[in-house]
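Encoded as structure tokens, the structure appears first; notes follow it.
Chain naming follows the written order as A, B, C, D, E and F, and within any one chain the residues start at number 1.
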Amino acid sequence: MDQSFEAFRARRAAGNASVLATDNLAIKRFFALDKQVYVDGALPVKTKELLGLVASMVLRCNDCIDYHLERCVAEGTDKAELDEAVAVALMVGGSIVIPHARHAAASIEFLLGERRER
Amino acid sequence: MDQSFEAFRARRAAGNASVLATDNLAIKRFFALDKQVYVDGALPVKTKELLGLVASMVLRCNDCIDYHLERCVAEGTDKAELDEAVAVALMVGGSIVIPHARHAAASIEFLLGERRER
Amino acid sequence: MDQSFEAFRARRAAGNASVLATDNLAIKRFFALDKQVYVDGALPVKTKELLGLVASMVLRCNDCIDYHLERCVAEGTDKAELDEAVAVALMVGGSIVIPHARHAAASIEFLLGERRER
Amino acid sequence: MDQSFEAFRARRAAGNASVLATDNLAIKRFFALDKQVYVDGALPVKTKELLGLVASMVLRCNDCIDYHLERCVAEGTDKAELDEAVAVALMVGGSIVIPHARHAAASIEFLLGERRER
Amino acid sequence: MDQSFEAFRARRAAGNASVLATDNLAIKRFFALDKQVYVDGALPVKTKELLGLVASMVLRCNDCIDYHLERCVAEGTDKAELDEAVAVALMVGGSIVIPHARHAAASIEFLLGERRER
Amino acid sequence: MDQSFEAFRARRAAGNASVLATDNLAIKRFFALDKQVYVDGALPVKTKELLGLVASMVLRCNDCIDYHLERCVAEGTDKAELDEAVAVALMVGGSIVIPHARHAAASIEFLLGERRER
């Protein structure tokens, strides 16, 4: 499986389209609710995306980590902030999270580079 | 890693042979018991395989999902039934299960296509 | 904490009221969606509740197990069927599920007794 | 087990003393590092404690939830903010987190009441 | 729920009897296999029980921790050895394991005291 | 993603370098502590690495499994001992661990072959 960030984006888009090509209303509502939870509210979007990132790290899901990292970087989160979130995730989740910290480090490098180029 | 369903089948068969090439009796008995649990009983095989599928989804193991999806389709489970099982898995397990719902959608498409061709 | 089934029912009702005493729409929608997923559809309610039960067992949550056991028994599921679902959960989830199988056994005894008395 | 917040505080203090009554340096360093991760840095303490809270909710540990809730409230986090963090945790972690949302709701009520009285 | 070690022993014995009061062969075989895995072999029982202990800690199940601690102490494991196993569990599993390290510390104190008195 | 053991080694080395290219002290200390936990003490290194292996298997992380398998083989652990550790992991963690037992079987074959050639 191609682990590049661009490959993840294509895989995610195609996969979501495939899941949502269904008559099952509960699945569609679940995906819709998953968007609403991260909108601006009492907590800013940036904080909520960091919450999503750390939750994804301690539950150890690379695709979820990549999704929230992309959203964090879009919200202006910088390297030092992301590293502190990674540190919390490592501490809470333990060394079993280390491979995901390695995955996150590569994604962070890609995403911050992409932002600089814009 | 080749993520196609055929590649999974080959990888699984070779891997099981490798695990069972051992003198360790407990491992052999564990694999044998794993077969017995899904035989026809008070609950039909079809229901048991759906239980295995949802358990595999909330525990987030793609190889286990593929195995139970193959068994579900062999038992005649259709798209609407599989989608309802996926909906339960998403609800119980949360958005962290979404990447596995994407994986399952691709496998379901492959397996239902294969069944139609027979 | 009182582990009796009646105590669980009271604790659950009070707890849900406390969670839903909020202006947060996402939380309310999440609870509403959690109801919809288990309604009659391509799969009967009885099967869906068994899916919820096994998912709760492998994820090891006694309150969730008790909730789905109550629903399973209300749908007419009998002891042999529940035991087969427990067997699948033990097999998929491993011996770490055993304490929850012990908890489930006590709840099943209570719930089937209560049903007989009606 | 007494589930009141005061009982948790006493149990936690006694338990930590018992764990740290050891010559094992790694355990002592682990506990020390667990403090350092949440100090003020690129991210404010309040954000880090919210990260710890959501991580604890999706990993489903009531004692960890109570610890981070206490720290969140001490940092001035209000009910609406806590509810949004709970909503993220429910969404990412699924309905299996609901019993912990019930536990959190009771702890939040206690802690905000205690803060008002000061 | 009474958290003393004696209460755990009584609860476990009654619970196992309740689970095994079934005609379900798979459940009985699962429990039988769970015994065989820990017998003396290429690895001594003491090592296997430490494996069971650390697995139970990172999966965060107090009843499983107590069971394996009792077996470890019966095999002659001492405080320094148990603390090193706890340190591995904390490191791999993260701070979410801390409440279980607190639980283990109390159980270790009880079990070593009981052994001294014999 | 190339699943060969050599590819894992390269990926792990590069990934760790990338994670540690940070000013974040907590991350660096976390990695340092992760080394200290496995040094010789009351328990020999060989036993500690087996503990790390089983913890990695029940938490289902292939990169962590490969790391500890490499360390186990370096400490002289043989096939029968590794298989007994795998059996404990399967028993505690359930059939959801089977794909990781398949992964481990391939890694064990590679590592024992490599040791024989030295």
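In this text, contacts are C-beta pairs under 8 Å (C-beta built on N, C-alpha and C of every residue); 3 or more make two chains touch, one makes a residue touch a chain.
Please read all numbers here as calculations on a predicted model, not as lab measurements.
Peer 1: Applying the document's contact definition, name the chain pair with more C-beta pairs in contact, E-F or C-D.
Peer 2: The greater number of contacts lies at E-F.
Peer 1: Centre-to-centre on C-alpha atoms, which chain is most distant from chain E?
Peer 2: That would be chain A.
Peer 1: Can you report the angle of the rotation that maps chain C onto chain E, using C-alpha atoms only, to the nearest 5 degrees?
Peer 2: For the C-alpha superposition of chain C onto chain E, the angle is 120 degrees.
Peer 1: Suppose each chain is reduced to the average of its Cα coordinates; what separation in Å results between chain A and chain D?
Peer 2: Those two chain centres are 23 Å apart.
Peer 1: Chain D to chain F: how many Å between their CA centres?
Peer 2: Their C-alpha centroids are separated by 31 Å.
Peer 1: Hey, how far is the Cα centre of chain A from the one of chain F, in Å?
Peer 2: One centre to the other, that is 26 Å.
Peer 1: Among all residues of chain D, which ones touch two or more of the remaining chains?
Peer 2: Touching at least two other chains: 1, 26, 30, 33-34, 37, 55-56, 58-59, 64, 80, 83-84, 87, 90-93, 95-96.
Peer 1: Quick one: which bits of chain C touch chain A in the complex? Just the residue numbers, please.
Peer 2: For this pair, the touching residues of chain C are 25-26, 29-30, 33, 36-37.
Peer 1: How about chain B: which of its residues touch chain A in the complex?
Peer 2: Interface residues on the chain B side: 1, 3, 60, 79-80, 83-84, 86-87, 90-91, 95-96, 98-99, 101-103, 105-106, 109.
Peer 1: For chain F, which residues count as touching chain C in their complex?
Peer 2: 58, 90-97
Peer 1: Touching chain B in the complex: which residues of chain A?
Peer 2: My answer: residues 1, 11-12, 15-16, 18-19, 21-24, 26-27, 30-31, 34, 55-56, 59, 61, 63-64.
Peer 1: So in the complex, the part of chain C that touches chain B is made up of which residues?
Peer 2: Those residues of chain C that touch chain B are 33-34, 37-38, 41-43, 47-48, 50-52, 54-56, 58-59, 64, 78, 80-81, 83-85, 87-89, 91-93.
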